[in-house]
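You will see chain A twice below: alongside chain B first, and alongside chain C after that.
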Partner chain A sequence: MGRYAIKRIFQGLITIWFIATATFAAMHAVPGDPLSNEKATTEAIRKNLEARYGLDRPVFPDQYFIFLGNMAKGDFGLSFTQQNRRVNDIILDAFPVSAQLGVLAIAFAAIGGVLLGAFTALKRNRWPDVTVMLAVILGISVPSFVFAALGQLALVNANDALGFTLLPVAGWGELSHMVMPAVVLGLSTLAFLTRLMRSSMLEVLTADYIRTARAKGVSDGGIFWRHALRNASLPVITVLGPAIAAITTGGFVVELVFAIPGLGRAFVEAVQQLDYTLIMGTTVFYGSFLVFMVIVVDLIYGLIDPRVRLV
Partner chain B sequence: MMRLGPARRRIALLLSCLLAAAAPWAGAAENAVDFEGRVIRMVLPQEPPQLDSSKATDQVSTRVLGHVMEALTRFDGQGRLVPGVAERWEIRRDGATFWLREDARWSDGSPVTAADFVFSWRHAVDPITASEYAFILQGIENAEAISQGEAPITSLGVSAPEPRRLEVRFSRALAYFDKLVAFATFYPLKESFYRARDGRYGADAEDMLFNGPFVIERWDHGARLEMAKNPHYWDRDNIYLNRIEFPYITADTNAALNLFKDNRIILAALDSETMENALDQRWRIERFNDGSAWYIEFNHRDGRLTQNWNLRRALALSFDTYEFINRVIGTPGNLPGLSLYPSYMQGAKQRLLQEIPPPEPVTDWTLAREHLEKAIVELDLSEPPELVLLTGNSPTANKQAEFLQTLWKDALGLTVRIDRQIFKQRLAKMTAGDFDLVAAGWGPDYLDPLTFGDLFASWNLNNRGRYANPALDACVRKAQNSVAAETRVEAFGCIQRILLEDHTLIPTYERGQIYVIHPAVKGAIRRQTSPDPDLARAWLEQP
Partner chain C sequence: MSAYTPQPEDFAPLGAQDAAPVLVRPSLSYWADARARLLRNPRAVGSLVLLALLGLFTTVGPLFWTVDPATQNLDRISEPPNLGAEALLIDRGQRWAGLKVEDWPAAPDPAWLAAPTRAALDAPEGLSVVGTSHTWSVRLRWNPVENAAGYQIYRNRYRPTALNELGLPLGDRWSGAEVSYEDALALEPGVYWYSVTATDGLRESPHFQTLRVEVERALPLNTAWKAGLLAPETGEPGQRLSLPAHPLGTDYLGRDMLSRLMHGARTSLFIGLLAPLLYVLFGTAYGAAAGFLGGRADAVLMRLADFVVALPFLLFMILFRVASGVEAGESGITAILVAMVLLLWPATARLVRGQILQIREEGYVQAARLLGAPQRYLIFRHMIPNTLGVILVTLTFAIPTAIFTEAFLSFIGMGVAPPTPSWGSMCFEGLKSMLNSPHELFFPALMISLTVLAFNLLGDGLRDALDARMRARE
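Up next, the complex of A and B:
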């Protein structure tokens, strides 16, 4: 187990190095640079700006190795767009926000998906099943920016109709701010999990042990909660790992619409503004996060199923 | 099949728990206006990128700074220049003197002195600071040499012979210097405080010192910014609001409109899409001229087809600015593009464009085709050429580019290839000269026609089409170096005539913006230069 863990961590480091190198190369291949602005600057000022950010040296090998060295120390340097701020501070500020939102969204998606999936399986081919499955197709195919806009509009109208604030329309700080964005962010995962859960539940419901349980006189509720739901949820738990990574990193539009100071927004703005240091910082951070999640999942697999370690 | 009794009950329980949890939050959100506390709330389109005034360049930063800092002079709601930190001043051909008011204070209670301006201006031209707006100090003695690293910063033509007297020496006449110093780069900075921050000045609320009507009290990056009335501000008795808060930071116009509808913010900018929504609500839609002039810039570099005058004239003659603002842009408040100078610019006695009226633009497709024929012969081509139109990637930019593409196909049979680029790439291509035509715009840095007038001077780095015409350069120099208002207006007229006759560019429109504002908020100022919108002297009236 120890050797397996070391091997996986080593592979993870190689992956992160590869992500960093590929991003670095792609970023510098794009025309334009973070220092060019609407108002042109003189040669002298440009030179000093380049020197401040270390852009006066050749991209390869100098800038690349300086970057790798700093990355190893965990220092991503000064941001170009949020001047005066260090990329590390931006990530430290923004990631917890995205993470909170992500955890809430995942909780919503997982609980909702498991319950809805099980429910549709029980009502197979009857109208509740058909309705939910239609909604699921919508949930998977409609992009999140549409849901975000609709969700916000729904809140405006609800608050207006009620005459008091049910939930705030946008902003960040309290739990109430998180509800609608988390729902919107979790919707597509919820839809996906519902479908997964439904097919898994259908399989389980025809299994022998369910029939045995029923023959032994276990109540319908007991069969559902204790036997069917538990077993059918296993595949859902398997896909949760990647889903967590996807949700915590994929909230850009939701963060923009609901004015949430998360890392997804910082990342996309960095790309649009060609903020070299913030692009590298967020990419490497996200990459490491994903790699870390995958390693954790793999190690857990390894604990549960010894065969995995051989692969 | 099983019954779902327990499951259903549990789901119902879960849902009611969620709803019950939501109920106590009701009313927790803050309203757009708090009459008792004299608070207004707004949205910021983005996190302010730079609140060190010597380095700030963007509109969001200068908008925030405009509420918490004060320059020597400032503009009032009617666009008139009024005293700021300086209570009076004198502009001469070779320099200027500003007398500072006695009661001007920093937010730590210490007096604002002439030395604070000397430090700030020297710091801005210092090449080590690498301020992108160092150019705005050009005309002050030695500013250019210092920013090139050829002279010490102490040689800048600015001094503080007395704590409340600031002396400035010019290297060329700066007739508009009193207007120029209202700009953010000219705000004072207190040297001892600035140096103590060790490079972190402007990074956080506690890393700044304020001398304006408000102070930044709280700044949660990316999330929230709050300003409170500055108790040390000399004109505090005329500041009504106690707080201006920005609890939301987002560039999404739809989200802003939703927040406005939900009574969370006092002002929401509209675009053609959200305008419909606002009209449905029967809100009063306000408009204002945001100060920017838009045009199609030609590439005048050697070897470019657009170097040909007949080709440029053909393109210009087929364009109709009225059709453009009515059919393509579509939102109210935009004005036709008649000149490089926007209509609000002041001349000697009245509006500049009344003193030097530009010719009414001609749209004549037949004449345009004749000029195209001549161009084809001159350029030795066999057929109408293909041109590249460089543009941005916003929906508005797309719509405009597609209109032009169709227009020139119909009018002249020209093929125009649209090159859509995101901001930085578009700039890179503009600077490299990788285009035939580019859709561009310019906003004023200061309220003098020269901010537009010198754009196409051969030495101006923002002249990205590299237009070079000695006759134009001479007129620009005359406008720069003269003091007499009439002489300058004459020079501005000369610049306008050359640009229009030579078809250096095609003016397309003067941008107007539309917005909705809370009816209780009075005295909100929209203006062409930063800070915009300006709420520093706004007040509230219960409807």
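Up next, the complex of A and C:
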């Protein structure tokens, strides 16, 4: 297990280096000049600005290695559009918000997906199964921003009809703000996990050990909770890595629509305003985060299922 | 089961046979079988019908619905779905001189005004409209009120029942003899409630008179000529002109939604079909090469694929999109295509490589090799046909991903540049006015969802149909 973990972490570091390099290359291919929007720059001011941001040196190798060195130290530099703010501070402010939202969404999707999937498998080809699977297909086919918009519309109408604020339509701060965005964010992952869980459960239900348990006289509930659900949930853990990635990037849209001050919105706004350092910083941060999460998920899976370690 | 009485012939000895018995059922090829199974799946057939309709909508649609998707009409912004409207043709330019009652005092008697116990003025009687009321002018007149020094005119969109519900103060008249008012302030077709109160110069009377006015859509002649709704120098003021229908409404610039959806389908489907086709082709070639070469070349090729797989896809889509920039007059479609192909090929490559590795070890390939079949034969006769099913399914499921990605990018403003319509960018624009005109968001969102739904169902059906194991189960 230790060897496996070290190997995975080493691979992850190389991937992060690759992500950083690709980000650097992409950002330096952007047409135009980060300082061209500055008003009233004299030659001297321009020189000073370029020196401050290190833009007066050759792109390769100087800027590249300075960039890599700073990344290694965890220093993402100064934001180009937000005055006197370091990219690190922006990430530190915004990431906890996104993380909170993401954890809620993942929890909603995973718990809901596992239970719904198991339930539909038990009711195979009867009306609850058919209905849920139809909803799942719809859930996979509707883009997240449509869910976000519909969710907001539903809240507006519900609040109007009730005469008081059931759940706030947008904003951030209290738990009530998080409910709708988390549901919207988790919905497509929920649909995906339900589908996966259903087929996994169908396979498990025909397994020998289930028959044995039944023969022993284990109750239906005992079979479901102790034997079937646990074993059928294994594949769900493998796709949690991609699911986290999907929810992280899905956060871009949901944070934008619900006006949540998270990292997704910060990234999208940085892209729209061409804030070079913020884009590079958030991309490398997101990339590292996702690589890290995939490794964690793999390691957990390795702990649960020893066969994986051999691969 | 019906009873069968054995006949003596049944027990006759069987003679020598010349040939093996001929199979009655014709041999069913893999593809014919798959097609038959696909057509037996109602969901898959439904998705095929849906896709055919979508294809017609995109290709044949614009031939019948020839409205230009880029034409803006600021008179008809954010209209809900409608089957056309009528407009009254008018001459623009003359303002109404107004009505003045001859020999009526302009101001009240100073002695009366000075009395602290004077009664409140009556409401102006006889409030009525003069001429036709349309969106360029509503002309009101009323009877003069005794001791009035002027009048106040108000407008509201519902019937006022109290003084504080009179609505927007439109204007005032500062003479007891001036008894008319022309309203030309941002009128829209529909019903308005006009109210007039009298004032004695110091105090406004609490009594008011209200009139319900139906306002008709009007179009000045020269505007109609300019917009091409009417041949130049034709038409008379007072005639009715029917305006084009917008079956799906208009957007925030008054552009026809149906036409924009049809043209947006081209963008969305172009990216949604071409990008998967390109990267699945590339991934297939790459994976087949890796699987076939094997050894060191395979390891190097796959290590590269591993790196690309590890890149967070949407983040790098956005980065590529930013890095490529969009010049004036470009739509940015090429950049999206290139970025998708660059980022998405490895999944197919891995899949195809795995398939090739597996097929290479199959008994029938080994046998063919032993019989001296050349490499080319092995590739084209065995490997490609046997991976084609998997590739086809991958391709079908890749299309929804591509459509979603385009929509997502357009939605955050990083996709197709305006004015090129795409379903994603239409959703992006529609979201802003979602509460007042939900149709602007609803229709493009519906198109995306239906298309993705159709491809998902088709993919499911294809996967089941192409799975040869399913045949054994039946």
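We take it that the second predicted complex is superposed on the first by the 272 of 311 C-alpha atoms of A that agree within 3 Å, B and C clash if a C-alpha of one lies under 4 Å from a C-alpha of the other, contacts with A are read in each partner's own complex, and residues count from 1 in each chain.
By definition in this document, a residue touches a chain if its C-beta (ideal position, glycine included) is under 8 Å from a C-beta of that chain, and two chains touch if they have at least 3 such contacts.
Since the model is a prediction, treat every value here as computed from it, not as a measurement.
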item: Three-chain arrangement built on chain A, chain B and chain C clash or fit; value: clash
item: Touching partner for A:Val291 - first (chain B), second (chain C), both, neither; value: second
item: Partner chain in contact with A:Gly74 - chain B first, chain C second, else both or neither; value: neither
item: Partner touching more residues of chain A, whether chain B or chain C; value: B
item: Which superposed partner A:Pro58 touches (first chain B, second chain C, both, neither); value: neither
item: Which of chain B and chain C A:Phe119 touches, first, second, both or neither; value: first
item: Which of chain B and chain C A:Gln272 touches, first, second, both or neither; value: both
item: Touched partner set for A:Gly217, first chain B, second chain C, both or neither; value: neither
item: Touched partner set for A:Leu166, first chain B, second chain C, both or neither; value: first
item: Partner chain in contact with A:Val156 - chain B first, chain C second, else both or neither; value: both
item: Touched partner set for A:Val30, first chain B, second chain C, both or neither; value: both
item: Chain A positions touched by chain B in one structure and by chain C in the second; value: 30-32, 149, 152-153, 156, 256-257, 272, 274
item: Of chain A, residues touching chain C in the complex; value: 14-15, 18-19, 22-23, 26-27, 29-32, 137-138, 140-146, 149, 152-153, 156, 245, 248-249, 252-253, 256-257, 267-268, 271-272, 274, 279, 283, 286-287, 290-291, 294
item: Contact footprint of chain B on chain A as seen in their complex; value: 30-34, 36-42, 44-46, 48-49, 52, 81-85, 90, 93-94, 97, 111, 115, 118-119, 122, 149, 152-153, 155-156, 159-160, 164-176, 179, 220-221, 223-225, 256-261, 265-266, 269, 272-274
item: Chain B - residues contacting chain A, complex; value: 1-7, 11, 14, 21-22, 25-29, 43, 46-47, 49-52, 55, 57, 127-135, 147-149, 200-203, 220-224, 247-252, 254-255, 258-259, 261-262, 264, 422-429, 431, 461-462, 464
item: Residue ranges of chain C touching chain A (in the complex, touch as defined); value: 307, 310-316, 318-320, 322-325, 400, 404, 407-408, 411-414, 427, 431, 434-435, 438, 441, 445, 448-450, 452-453, 456-457
